[in-house]
Amino acid sequence: MGSNSEFLNIKDVSTAFKIKGKYYDAISHINLEVHHDEILAIVGESGCGKSTLATTIMGLHDPSETKITGKVDFEGTDLLQLDENGYNQFRGAKIGMIFQDPLSALNPLKRIEDQISEVMNYHTKFTAEQKHQRVLELLDQVGIVNPKRTAHQFPHELSGGMRQRVIIAIAIACKPDLIIADEPTTALDVTIQAQILDVLRDIQKENHAGIILITHDLGVVAETADRVAVMYAGQIVEEGSAEQIFDQPKHPYTRSLLRSMPQLDKENDDLYVIKGNVPSLQKMPTDGDRFAPRIPWLPDDAHEAEPSMHEVDDGHIVRCTCYKSFTFPDEQQGGATA
Amino acid sequence: MSLVEIKDLKVHYPIRSGFWNRITDSVKAVDGISFNIEAGETYGLVGESGSGKSTTGKSVVGLEKVTSGSVMYKGKDITKKSNRKSLDYNHDVQMIFQDSLSSLNPRKRIEDIIAEPLRNFEHLSKDEEKLRVLQLLDIVGLDADALYKYPHQFSGGQRQRIGVARAVATNPKLIIADEPVSALDLSVQAQVLNFMKKIQREFGISYLFISHDLGVVRHMCNNIAIMNRGRLVEIGTRDDIYNHPMHIYTKRLLAAIPETNVSQRAEHRAQRLAVEEVYREQQDKYYDKDGQAYPLVQITPTHSVALPEDLVEQLKHEGEVQA
Amino acid sequence: MWKTILRRILIMIPEVIILSILVFLLAKAMPGDPFTGSINPRSDPAQIHHLMKLNGLYDPWYQQYWNWVVHLFHGNLGNSYQYQEPVTRLIGSRAVNTLWLALFTTILTYCFALPMGMFAAKHEGKLPDSIIRVYTYVTYCIPFFVILVIGVWIFGYVLGWFPTTGSISSTANPGIQTIGSRFYHILLPGILGALFGTVNVVQYLRSEVIDAKRSDYVRTARSKGVPSKDIYRHHIFRNSLLPIAAFAGYSITGLLNGSLFTETVFSYPGMGLLFINSISYRDYTVITALVLIYGILNLLGTLLSDIILSIVDPRIRIQ
Amino acid sequence: GCSNNSSSESSDAAVKLSTAYNNKAATNKNATKNGTLKLAIVNNAPFQGITDPILASNAEDAEAFAPGGQNNLFNVDKNYKIIDGGLANQKLDRKAKTATITIRKDAKWSNGSPVTAKDVEYAYEVLGNKETTSQQYSSDFEDIEGMTEYHKGKADTISGITFPDGETGKVAVIHFKQMAPSMKFSGNSYIWGSIEPYEYIKDVPIAKLASSEQIRKNPIFVGPYKLDKVVEGESTSWSPNKFYYGKKAQIGHITLNVVSMNNIDKALQSKKYDTVAPSVAGALGGTDYKNLKNLKGYSKVGQPALGYSYFAFNLGHYDTKTGKNVADPNKKMANKSLRQAMMYALNVDQVSKKFGNGIKWRANTLLPPVFNKYYDKSAKGYPLNIKKANKLLDDAGYKKRNGSKWRSDPKGKKLVIYFGAMTSSATTEATYQDYLQQWHKVGLDVKYTSGKPVEMNSFYDTLQKPEQNKMDIWLGAWSLSSEPSQSQLYGDTAAFNMGHFTTAKNTKLINQMNDNGAWNDKTRAKTFKEWQEYMNNQAGVVGEQFNYAWQPVNNRVKGFDLSPANDEFYSNLTLTSSKLK
Amino acid sequence: MEENLNRHSRISAADLERLSKEAQQEATPSSAKIIWSEFKADKPAMVALVIVVAFILFVMIASLFIDTPKMMETNIMNYNTAPGTNGFILGADTGGRSIAQQLIVGSRNSIGIAIGLTIISSTFGICWGLVSGYFNGYIDWGMQRVYDFMMMLPMTMMIIVLVTIIRNYNAVTLTLIFSIFYWEGTSRLIRSRTLSESEKDYVAAAKTSGTSNFKIIFKEIMPNISSLIIVDTTLSFAENIGVETGLSYLGFGLPIHTPSLGTLIANANDPNNITQYWWTWLPAALLIIILCLSISYIGQVVRRSADASQRQGAEA
């Protein structure tokens, strides 16, 4: 380990949910890779399929309700081909997952210690004593001040930040290569968010793990991510290093997002608003550029009929060629955007 | 005279315990805060979760039973129910809620939701009322189609705009906006913030804008109060707070805001850790022995900070406090 | 914790007092008196008046109530007119039977209901689930006594597998035979009661398990790599069984209610049958005592449930 | 001693039953000792477990402890007349006004201790004690010298009962203020027919006797069987009492179990019991008869029951001051013709046939045929005769006026008659309906009191008021003592005379039943017959139905005889096989 | 305000009609329509609905043509006549009374009692629960003590005692007696939902809009728990049909000459009837089962249509 090699390779993965007997793609044809020692951030609006991607990797979907295609190549194994038992060798051991809602993600009736050591029951041969030690060690590692006390407590006795730390402890208990963190800080205060992100980063350094960080907060991405993938409507629209994305955003969607953030300098101006809404799953356009309806001023021929990924820079990929001719309306006219 | 003057407001929730289930203690959700909201301004109230922001907001709008202190409006203390009644207080002061879905009755049509305050305070004919609702919808950028639909048929941003429409229906003087955008996506958030600003411009409304997002607050507010553990630790203009924070808590809060400037993230982090460090070391200094903030001390005409006396002295020496 | 329980019990006291007055008055308001029934040419009305007077039945109600309360504090619920023995002893001997049956029914109910509820929830929406749900619907709609009457008829008389009256065989020798015979006598009523009682538990458990299945902490457990059977065992079942355990206390009310029917059908000498008989005998002391006891048992049932809940659920555990 | 007597010759029942089941088929079979005779006590409630016949107020307890002999003092003949040969002999001395009771020498309690004269006396103490819980005391006992004082608590003992040989001797003499002919019969209200084990229970206060261990848990008896175990309220089991003075018990075990009325047919059909515990009033009804009459392996046994059902009319009130019933000529039902017409309108014969299934028949008088000597077989009673009913009404002026559907009273006022009935089985309530319909047929507007049959307690609550106007006619039933005097039911001072029917003639006849002349059995019988005729004619109270006390008996049982003269009932029973047939 | 709005909005009085028409076209179907479409999509539910409605109508109308006193006249010649003989379609009971006719009148009585009981107890229970759940403080505290007390009462026993006290009860009094005891369960359910409902922001919003408490309870909160109310009411209706039967069985229900499903089933009291004269009780028992099943099935469908995620019917 320790090399900077890629170890997770997501190839052409689509996940479709069954709604009233029909399947609808929540994510379609996703390609991504994750390397050791890096934090890959996935950003996008609510409902664009971020969590679906994460749960697809974790194999948490009910096979009778979903249809998954493609390949998730994890250290040479295609996870999607595994059965439940096979998956369990990876979950918890090689892949850890952190969920958004820290209260409901913990079993309310079990002590923190039991919940952490449970993961070790299945992936290690530790004795009870070793497990206990490891639990304390982990709690310490995620920044809990009094591990002994906390280990003995129940989830409801902890604050949100503490609970999230416990969940992180569970995720890293077996030193996984990959940690998937699905909006780990959305429910938390900024100060705690900063601490949690620090913990994540420290862990990544220590374990040489790769982290997929899912969030919709561009600030968090900018602070933590090495690489960023921007998702829109189930597809990746742009991917690149953090600098590339923030300093030279290409895709109209990325640029719109950045523009709608309240900025320090332009205090009293109106914010940029993306026209229209994210289409719902059932009304998702199946061909063409899915973002096209939201930048109607761009001529139709600016979009590719079947959008493909274009490498614009080293490791900087953009979906569709529309970025080339894209400008904001006010950049031409200087009018209001509402 | 300010539009609303909040004086030494306290809201304590009783904690019952012991054998007879008597009140043995209380959660001091709001513990003696004072500030004024001027007509036409947006007043920001910032703080961590649980610091008492919502409770303050609810007290101002009259939803919460106040333990002590007063909220003066038009010379009357509206913490008393009778005064609220006689003033038709809620005709003038309205509220926008954080959770747009739960704040709209799922069983009512949009028309009825928006018309609700109208029906209670203004007695219009059916057509007048409908026209008014349509105009309100138009102002918040929704089509007439919305009239007979139900809340769940709208997106979060649209719902929040319906909430705004309801709040402005009676042309209030003040709207309490309790985290109106924190549940929304970035692009939708922008939409709602724009509308709030537009309406303020057009109707001359004041906002008490409650949020924990310092970025949004900076975008929206002229005056800001920082709340911590039920007390105010710092109030001042936007410039005072963002460029000259005095209280250690404010500093820490500001340092924790993620920076979108990728190239400087290392420095930013170092700076944040430094502030954290200071915070850990000097925490005791800024809070009294019960862990509560000190009373506010005016430092400039616009800027007040909850500092212990010795620190104030020290600052005076350094000439930072203007006499 | 103990303080809370004690406080709960203290709060119960006024309720019990109100109930006792209510019941006392209602019992007195019933037409007739304990001696109306014993109307045969051999008993002399003068003697009956004498007995009425002796028992203070001509006193004003508050005086009777007061006497009753005073006796109550001496652990004396009065004498049964019909049975001519202290009510405490009379009810004591019947209570044992009722509680035996109730306990056995409860155990059986859970023996039936737990596997059924879990099985149904585990295979939600599939055939076994549908079968179990149809079973619960149908059982739910049949009046309890119809189940009992048909059950007795088939298994007691036609097939002759079970005794049909009483609580114990008259020929059983003390010791193991007695226990065996007692058990044999509550077997059929227990099973029938359980078949009926199962319905509620199954429905409740099923929805609990389904909720648990969809919960976030189960997703967390899956992402830990916990095999699905262990998830069921350690997380889903455990979490959904706890509220069910508490359900046991609440179900006391149902059991007691059912005892009126079961004991009537099986001529099983428990408190329920005693009540029905005492009503027609106007045995006031027994009626008041029984209603009061049932009321207190109901109270204790809810208290028990609350205690169980607060013990097993750390979220509401009382320090 | 088997009795071949059959008393059914006098009944109008459709079926004829023998009182005894001799089991000829089994006579040559040897009796077996290692079987258990299983008897069912037919009752909806558990029995109360009071072994003492003085304290028990119900039939179930008597049945449950019958194998213990009920501590009965005397043997009787088929007419319930006291005869010698039992536990004790009784000698009445009319001149000295004494009854001398001599206990047989070898009489012992089931714990081996001898029966003494004090045991005879103690029964009176228990009965008459001021604090007793017994309901059996009646003013008749105050004819015993000193009883009044004892009952009021003024005396510690009853001065009128003496022991010529001392308390532990065998002779007790009772001194009366006056003697009554009914003393010759068992069940009379002057001489108590059972004893109390004085030595065994003397330490228990009489007020607490009923709940004492000695009475409930470990009672002792003088009969052929001793109690092995009692399961409270449910069952008793018995084995032979080796101290029994008379014929030795022949069955190893006897058990008696309570079985509810609903279940008894099924229980017998599934051969859980040999038979039901005999009851003088009859444990089984007509429906049971229908279900069980052809039961394989069982034979039917029966005799007319010691009881009857009756219609009574509300004719007056009870004067609480004088303690007398007073007839009131203004009562709605005071018109004899009206009463007679109502009775003629009924088709009791048909109803009995249909629902009685042969074991019930119309009562032609107020004395059931079980009282062989007194029963007036020839009495006509009130068979269905609509014509006569209409004529009676028309003649008496009860006419339909103004085109009304209903008859009005002679004065032309509206006549609504309220009929009181107790809630009961569906069959019985169907019968009530039928009666109402019959009355409607003759134009009488008869309605249920309060619209429906009322529950037993409310029913008697109403009737026992000194004066009531809610029920004009009602249907009740009496189960009787084995001594047929009528003063307790129809005497002018009787509180149970709830219709308050009194006439000078009635009072005279009832007094005659127990006056000096009545010592002559023939004269007494004549008085009874005369009284029955008079009552029939007056129709103040009219018998509804008589019935058989019948029961099926399993064919393995030998020596089963219900006759009252069978004084050794349980000793005479034998089993011919250890399993039910 | 008005000019203010007119200034900032493009919409004026002139557009009113056109716009409301437009809105009308986009209007969402009412919940009644949603429930109806749910029934149309679920065949068994439709069957259940038809059974229940048709049966109730049939019983109500048919019983008008039956002379009850005459029907209840005994005709001892027809004692327990078997079905199909003597013109008795379903046989006769002990009193020779037609079972078929009793079934009709009895169903009407039982359903009447059940409806009456459901209406009285639910209305009361719902109001009690709403008020108790909405207000906190002493009102709620006091109302909760009443719950505790009701919870303690042994229901069947109390009903038996009351029924013995009231000598002249009929179907109406019986319904009232039942109602005293059967509102508690519903009420508790409503209270707990009201409690969570009144914490939602729309209630706060209504308060700040100046809406009175009374209006908030009945116009804001109640519609939101209407699906719970409907479901609970249907289910308790099904349950209430069974209430009277049990008491009749114990002998404390309706008098014999007032036929009801309960008195009919109580014929099963006598084991002889169970086998020999099965027609005296079995039809009534089957009827109850079918009725209860249908009603609770309908309840399920209503519950489902209230929960958008489970709907099977077309999204109209």
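Assorted remarks:
Residue numbering begins at 1 within each chain, and the chains themselves are lettered A, B, C, D and E in the order written.
Keep in mind that, in the parts below, contacts are C-beta pairs under 8 Å (C-beta built on N, C-alpha and C of every residue); 3 or more make two chains touch, one makes a residue touch a chain.
These are the chains along with the protein names UniProt gives them: A = Peptide ABC transporter ATPase; B = Peptide ABC transporter substrate-binding protein; C, E = Peptide ABC transporter permease.
Everything numeric in this text was worked out from a predicted model, so none of it was measured.
Looking at chain D and chain E, the chains that touch each of them are C. When each chain is reduced to the mean of its CA atoms, the one lying nearest the mean of all protein CA atoms is C. Chain pair with the larger contact count among B-E and A-B is B-E, by C-beta pairs in contact.
Per-chain CA centroids place chain A at a distance of 50 Å from chain E. The distance from the centre of chain C to the centre of chain D, with each centre set as the mean of the Cα atoms, comes to 39 Å. Taking each chain's centre as the mean of its C-alpha atoms, chain A lies 55 Å from chain C.
Chain C and chain E have Cα centroids lying 27 Å from one another. Residue positions of chain C touching 2 or more other chains: 30-31, 152-153, 157.
Interface residues of chain B, counted against chain A in their complex, comprise 48-49, 141, 155-156, 185-187, 189-191, 193-194, 197-198, 212-216, 218-219, 238, 252-253, 256-263, 265, 268-269, 272. Residues 58, 60, 84-85, 87-93, 95-97, 99, 101, 104-109, 118-119, 122-123, 154, 156-157, 167, 170 of chain A are the ones that touch chain C when the two sit in their complex.
The residues of chain D lying in touch with chain C in their complex are 36, 44-46, 48-50, 55, 57-58, 131, 133-140, 189, 210-211, 216, 229, 231-237, 253, 255-260, 263, 266-267, 269-270, 272, 455-458, 460-461, 464, 478-481, 488-489, 495-496.
Listed in rising order, the residues of chain C touching chain A in the complex are 215-217, 219-228, 234-235, 238-239, 242, 312-315.
Interface residues of chain A, counted against chain B in their complex, comprise 45-46, 160, 189-191, 193-194, 198, 216-220, 222-223, 242-243, 246-247, 256-258, 260-264, 267, 270-274, 277, 338.
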